[in-house]
Each structure stands twice: as C-alpha cells, then as structure tokens.
Amino acid sequence: MRLTAEEQKMLDGAYGETVKRSMKVLVALGEIYGADHMIEIKNVHSPGVSYRVAGNAGLGYVEDASKDATFRVPLTLNTIGIDAQDWEKIGFPEEFARKQLELSEAYERMGAIPTNSCTPYLNGNLPMFGEHVAWGESSAVAFVNSVIGARTNREGGPTALAAAITGRVPAYGYHLDENRKGTHLIRVEMELKTDKDFAVLGYFGGKLAGKDVPVIEGITRRPTLENFKALGAALASAGAVALYHVVGFTPEAPTRQAVIGDDVEPVIFDQAAYDKVCAKFSLKGNVDFVVLGCPHVSIVEFEEIANLVRGKKLKSALWVCTSRMVRDLADRMGFVKDIEDAGGEIVCDTCPVLCATLTQRGYKTVATNSGKMAHYAPGLWKLQPVLLNTWECIQTAIDGKWGE
Amino acid sequence: MSQEKLLQGRCIVEGQVEGEALVTNDAISFMGTIDPKTGYVIERKHEIEGACLKGKILVFPMSKGSTGGSYMLYDLVKNGVGPLGIVNREAESIVVIGAIVSGLPMVDRIDISQIQTGDYIYLNATEGTARVVPKAMRA
Amino acid sequence: MRLTAEEQKMLDGAYGETVKRSMKVLVALGEIYGADHMIEIKNVHSPGVSYRVAGNAGLGYVEDASKDATFRVPLTLNTIGIDAQDWEKIGFPEEFARKQLELSEAYERMGAIPTNSCTPYLNGNLPMFGEHVAWGESSAVAFVNSVIGARTNREGGPTALAAAITGRVPAYGYHLDENRKGTHLIRVEMELKTDKDFAVLGYFGGKLAGKDVPVIEGITRRPTLENFKALGAALASAGAVALYHVVGFTPEAPTRQAVIGDDVEPVIFDQAAYDKVCAKFSLKGNVDFVVLGCPHVSIVEFEEIANLVRGKKLKSALWVCTSRMVRDLADRMGFVKDIEDAGGEIVCDTCPVLCATLTQRGYKTVATNSGKMAHYAPGLWKLQPVLLNTWECIQTAIDGKWGE
Amino acid sequence: MSQEKLLQGRCIVEGQVEGEALVTNDAISFMGTIDPKTGYVIERKHEIEGACLKGKILVFPMSKGSTGGSYMLYDLVKNGVGPLGIVNREAESIVVIGAIVSGLPMVDRIDISQIQTGDYIYLNATEGTARVVPKAMRA
C-alpha cells in the first residue's frame, strides 16, 4: 500500500503504540482486501460498545487504547448494554452496568460522543453525500450508504476504533465506485405502506442478497425516513446488506440503468412472497412483550406511539427504544408521560438485542414492528416473535395477546 | 503423512515461532467460544471443544462471527493463555486484527489439510512458511 | 389548479376555518406562481417563531389557528427569541419572554417539535434526498436543498404554518426539476480551509447570485458539514440563495455539465475577491462580544471551541449558540463546563439575530466566524463586526481585542 | 384626470368594497411600519408616513420584507383599523397571504399610476376591477 508521510509516521510509532497498532491493523486489512491507499474519513460510528458484545476482552482492549490514544475524528457510540440513567429501574444487573459504564468511559476518554444509539443520523452525526466514513452497526451502515449516499464498509468494533484513532480506512469495498453497483434486482409488485411492510421486504431482500447489493424497483410511493430505517435494518440482519438502492428514490439510483443495467432478471416480491415471510413470525396468543424502536425511534414515531397509547392501559410490557436526545424532546412534548401512564417503558441507550439480559423478565413471546428484532429474538432470548405494524403492536399490548 | 513438509503461504503478521499444532476444520468464532482466563475451548460441540490454546500453533480455516473476537485473541494473549501463532486457509479480518493487536505471527493461504493436531510447526510468518514435522515422526 | 378530492375538502371548509384559510393561501400562491397542482410534503421547518419577528400580530394569528387546527405533518421550530430555560440569567426582558413562551406554546399545541434551532437536520428532522418539504429559515433552506438534495422553497412563517396544517405546498419553484439548475458560475481559485473561508465565499456568492442558483466549481478538498453550513448561511443572507451546487460534492452536481452546462462564463473567486469581502468586516481594536454558532453549532464545533477555551479566561463576552439537544450532549462530554469556566455563555434556542434584544448589554463590537452574523450585526444592533475563523475568535475573546 | 376610470386587473381575493384610496409608490413592508393598534403608518420617511389605513382602499406596487407582514395585515383588520381592500401592481406572497387570512378583497395587475390618494374606488375584486372616481370629480 502507498502511505502518505503522515500515515507512515503513524505506522512507525511516532504517535505511540496504540496509533501504531491501529495503523498496522488497517494496513493489513488493506493488503488483504487489495486496497492500494488509505482514505481520510470524516467520522466514525462505533459498534461493539455494548459490554455484552465487547466482553472483558473488549473492555481491556479499549481501556488499554485509551491510555495513549485519542480520536482524530469524531466518533459516535452505538447502542450500549444498559439505559445509562435508568438501568437499575429497568432491572439490569449491577455488575454488568458497572462494566458497561467503564467501557463507555474508556471510549469517552478518547473523545467519543455518547449518542448511544443506532440512529446517529438523527442525533447530530450526519454524514454528507459522497463522504467517506467508518461506520458499524449494520442498520446504520445500510442507512448511511444507501439513503444518504455516504460511503462505508461494515466496520466492526476493532476496525471502527482503529479508524477513529488514525482517521483512516483502507480504500476498498463500498468506498469505491465499482463496488456500489447493484447485484440483485427485486421488483416490488404490491403496495407497501407501513414500516412493517418495509421490514418484510427487507427480510426477503436480505435472504436473497446476502452480503451483496440489492436493487429494489417498483416502489411507487416515496418511502419515509422511518420506512428506509425499517427496510435497511431488516436487509442488514436477515442478510448482511451494507448498501441497497431503491430506484427513483435513493440518491445513487435515479434509474435502474444507473445502478444495475437492463440485463438482470428481477426476483418478484408480491403478496405471496410477503405472506411467506410473515408466516415465519406469526405467533398467535399471549404476548408478554412488545418492542418498538429497532432501530431507535425518531421523534415522529415517538409521537405516533404516544397517540396510540394515550389514555389506554397496557397488559403486555412495552419497550420504546430510543436515544436520550429524542427522549428528552419527547418528554418536552408530553409523549413520555403518555407512554408511561399507559404502563409502557421508555428505554434509552440500549435495546433488547444489545442489552445486558432479558432473562430476568421471564418473557416468552414478543411482538414487534422490526424485522431485525423478530429475526434475533428467538436465538437470543428464546422469544417467539410476531411481526406486526405499529398500531397492531399497540393493540397487542393493550389486549395482552394477538390474533385470537 | 510422516514426512516433513514445507508449506508456503502468505505473511499476515511477521514473526517466527514454533510449537505443537492444534488443528480444527471448523471456522472459529472467538467470541463466547473460549474461556479467556484459561484458554480452553468451551463452545459445545466444537470440533476441538475442551482443547487449550495455550502455547499452541492454532490452525483453522478462517474466523467468523462477532468482530469482538479480535479482542478475545488479545485478551487470551494478555492473560498468557493464548496461542503462539496462527495458520489459516484464508485470513479474515477478525483474526487478522486479533493477531496484529496481540502480536501473534500469522500466515494464511495454507492448505491446512496437510496439518494435524500434534504435528510440530516451525512457523516463519515473515517468510510466509510453515515447516510441519508430523506427529508420527516426532513420536 | 387541479386539487385532489381531499384538498378540495380542505378548501371547502370540511376541516374547519383554519384549514380552509390555509388551503386558500396555498391555492392563491399556487395561482400566482403558476403551479398546476399541490405537492404532499413530508415535514415543515417553521421560521418566524421568534416573538421579535412574529410580534403580537403573529402571536394572535398563531393562537387563533391553534384553536381549531393541528399539524398534518411534523413541524420543527426554528430559533426563538429567548433561551427557553436560561432567559432570565441571560437578561432577556420578562415581558418578551412571556410572549415568546405563549407563541411557542401555541405552536406546540398544534404539534410543533420544539427543536428551537436553525439546524433541524442535526436535531432529528432529516429530510431525504428528493423529498418535498416546506422549510423556512434561510440557512436551513440552503442546506436542505443543496447539501441533502431535498426540495423546498424559502417559506415564511405564514406559509410554513399553512403547509403544516394542510400537508401541502403548491408545485412551483425549487420543487420542480427545471428550476434546480444553476444560473451563475463561480470558479474558486484559492484553497478554502476554515468555516470563515466558506462564509466569505458565501457572502461573495450571495451578492452575485441574489435569489438565483449559484454553482461553485474549483473546490478540491471536500467541504465538511460545518463548511456547508457556513457557506449556505452566508449565501442566503448576503443574497437570498435557496439552492446552490458545489460541483463534485453536492448530490445534484456530479459535474458542471449536469447543473449549468458549458456555456456560462465563470466569475472568479480568488484571494483578491476574498480579501475584498473581508475588508467589509475588518474592525480592529476592542471587541466586546464574540459569537459562534450561526448557524447553531454542531457537537463537533462545540468540542473544537471547548478545546480552545479550556483553562483560559475570556475578556470579551462569548456566546456559543446551539440547540438544547446538542448542549445536553456537550454537557455530558464536559464541554459546557469548559466554556462556562472560561467565562463563556452557552445560549440555547436563540441567537443574536433572532433574540429579544441585545441592547441591554451595551456592546459596540462583535467578532464572529459567521458571514450571516457579520452581515446582520450592524443593522440590527449597531455592532461593528469582524469576521474571523474560530480560533481567531477565541483568541479575540481571550485578549478582549483583535488586530492591535 | 378628472374622468371616471375602470381599471381591469386580476382577482386575488374575492369580494366587493368601496372607499377612499390611500396610494403610495413605495413598496410596503408591513412589519414594523404600521402601528397595529391605530393603523397609522409609522415608518420614518415612508411616502405615506402619518397616514392611517383604517377604512381605506390601500394602493401600492407590491409588498416586501419579513413574511411576518402577513400577520400584521391580519392583526390590523382584527383590531378594526385595517384597510378595506387592496390594489397592487404585482401581487407578492406577503400581502396575498395577509389579504386572504384577513378576508380583504384584493386585485393586482393594476396600473396604479392611474390612482391618487383621495380618489374614490369601487373595488370589485371578484371581477378584478377597480372603478376610480377622481378626487377632482368628487369635490
């Protein structure tokens, strides 16, 4: 790899051991993936910051790094393993919470911005079209690549850390024009309305495209930010999609020709395909737990939920997961009270996939509007899932059951 | 199989070490599969469940799973129970990062079917070579 | 104008007087500007929400509207006239504050999201590329049109209100492809580094382009979000630019050809042009007041400022203007304390251009890195301005003077 | 000039009113230039400084300035000190909005040089016409 003088200095240890080690990691990856130079990045969104994911090994590593390095570019923190303020009330174990706070502090010593959210783009970390960044958290990666048109590979905790410490990533993968073209074509032949509908499409597309680049055509009504959020999270979890295009809507896909050409035979996504996905997540009966906010809810979704629960009493537990900043705004608007009065919980900084544990709550079933949550719930916490749209989720929480 | 072999691969992390091979044909997801205090493989039904990494040349096709696996390798080495070096069929970023940050010599592009647990390996990662002395010859 | 059945219902009064009046306003505007239909918008960012701008007339109007209407689409509030929490400490008159809070409450009764900021895109209101919205606040309009590639005209308070109440705007102006092409070409022949440099370019371009669409070419280093923010605010205040393109960087301008063609003779922006703009804002001597955060600072700028003032004592007053949400994040990172310990003030929700008054402070001179602030300061508060980059601003605050 | 004239323009807000014309050739920025309690023009050096809008047909080329001006028109009318109708050379959104929300009949595309302060106007905004009876004839 060609390195600039500054990059060579980092590699030679002029800025200390951690910078050197970080640059070594990036150079090695660059060589494995055939990069011939480094790219300067604008910012980092770091995954792997839940102590449940990082473990003691990660904690030790990050603490070691924080002794002699700081971040060269802004780094926002992804969803952590606890609600940093209300962890006790929610019932997360103290030992875990202590470790999580140590891990967060180690990051923050290096300059991390404690957004603690998988929607950093709603919380002040807004990459620009065409800008190179180093992001982890698969749903955020899919959003920033596809919807904003910035450029990142799917970074893990260690590479995100190295990228923030050096301000560099090797030039390969989705940083390069030639890898941003579509590989699979999906033609939508039904009307998509709710976030759940987009999640179902995402699940379908993820299974189809794996880690490649699906192109979606046939969508006629412009997807909202929340629709895109749901779509990307499902694409990235059912598959490992880091970039997708929606013809006519995402910025790199003005036409099908522009992203995939005319020679690819489309796979059809119609009502039958839709129903087939839904059948995988079709629990009926008692529902213990309802989860909204995977990815973390926007203020618009927060309001929608508050409007649905206002004045009701919920039989199921309800988690609305979001960032502290969105929560505070919602609090000023009265929505936090609406949800809490109905018996729901606002959970900040974390989510059921990345949190310390859910087992203390003894839940067996979960309803959610998130394809990602439905995908992970059974494996992680032995929760039988049902995938519903938002108002059906709230109705389920009110009734304590679904579909009987 | 009882002949000394020189396998040529590609250098990932420089360095020279020698030691006994611990071989698996399963991909390894470091996170959650190894006890970082002892170096023992604790993943149920893994091909090498119960084996200890400490002091071994770890031979496996590739890494998989959570990227936190890189940290696990670092932690194992820091705790003095990690492997001495790594031989892969195909270097994947998780183990590459782990090997770099913990300073473990590593090569890839090695036909690992040529190596068995108990063989003795002279790993010259700088040159990209693994000289394998079969267990049979050592016995 | 062709109206849909739903739009006609609104116009006929089926949803009450305020909806009817709002639709009437939009239809009339559509007819004046030659629109033949309405466009559904995704969200609104409302200007005219400072009581100093709205006055009693605006307060009365908005209060009347809030009696029988609510917003059909999300609406975020622009910068208001006071810091909603610390107005007393900052010294804004109580009578004004009371009126401001009434105005804000009237908006909030209809569903407004109290971002109170001119950078809604950093505070959870993130339009998508190609999406139609109705935004006011000239700096935010320039950002969302140009950098994000969403589509809006420059809405004023009354039209933004009507748009939020109906969810519609007439299809004219920057909503249409044909009006999004460039009209003036500026070739940059110098290196631009700081936000001030981009502000100077923006001032130059604004004077040149007036209310048209400048295209900027010759920029080689990718502008940061903060650079774009500074550029757009100056373009929109020195001129009335609502949309600009930077060739190679903004999403609608991959090439010059794509936005303006090859036949337009460029106007050169070089060191001489730069110096000529700076000469307008070149006070030397005592500086009473230093203002950063026009537009409101991002968390990245907040950190930069904190790093510069940490451990120092400031002789001049310093305002760092931002949104409550960025402030809270900065507080958790220790930056609020850094700035306050040095003697600076964090001012949320408002800014020196839109706040109640500054006269009680008796300032005569101001240093700022903002082209917009430098442009308005003399006319509004008789403040002689000097335009400096961020670290020069802080140095000025430390020394209490500039350039002697 | 002492002849009755029928000026044809374009309807902006429907309605019929009549009254004395208050004419200025300066653009009007409603915000900050008129006292909303009294309807008097308070902007220093404005061509019609000191005049009162109340009960008049306000004739001016176009609106300008802050969009809050729309509210000012609403406020004036609500306070009972606003004009009865509006005649413009070119309708601009600030005054259009103000006229709509306060229900003031308004026309534009009128050659306002044909009208003088004190003339009497029969404004049929629905038809887009202003019938002007010159002051001289009235006297």
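Labels A, B, C and D are assigned to the chains in the order they are written; within every chain, residues are numbered from 1.
Criterion: a residue touches a chain if its C-beta (ideal position, glycine included) is under 8 Å from a C-beta of that chain, and two chains touch if they have at least 3 such contacts.
Computed from a predicted structure; not experimentally measured.
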item	value
Mean-CA-position distance for chain C and chain A (Å)	30
Geometric centre distance via CA averages, chain D-chain A, whole Å	57
Chain A-chain B separation of Cα centroids, rounded to whole Å	32
Averaged-CA centre spacing for the pair chain D and chain B, given as whole angstrom	88
Where chain A touches two or more other chains, by residue	none
Arrangement of touching chains [line / ring / star / complete / other]	line
All touching chain pairs, where touch follows the definition stated at the start	A-B, A-C, C-D
Interfacial residue positions of chain C with respect to chain D in the complex	21, 24-25, 28-29, 32, 47-48, 53-58, 60-61, 136, 155-159, 162
Interfacial residue positions of chain B with respect to chain A in the complex	12-13, 31, 36, 66-68, 70-72, 74-76, 78, 91, 93-94, 96-98, 100-101
Chain A to chain C touching residues, read off their complex	42-43, 74, 108, 111, 113-115, 121-131, 147-149, 222, 224-225, 228, 249-251, 298-300, 303, 324-326, 328-329, 332-333
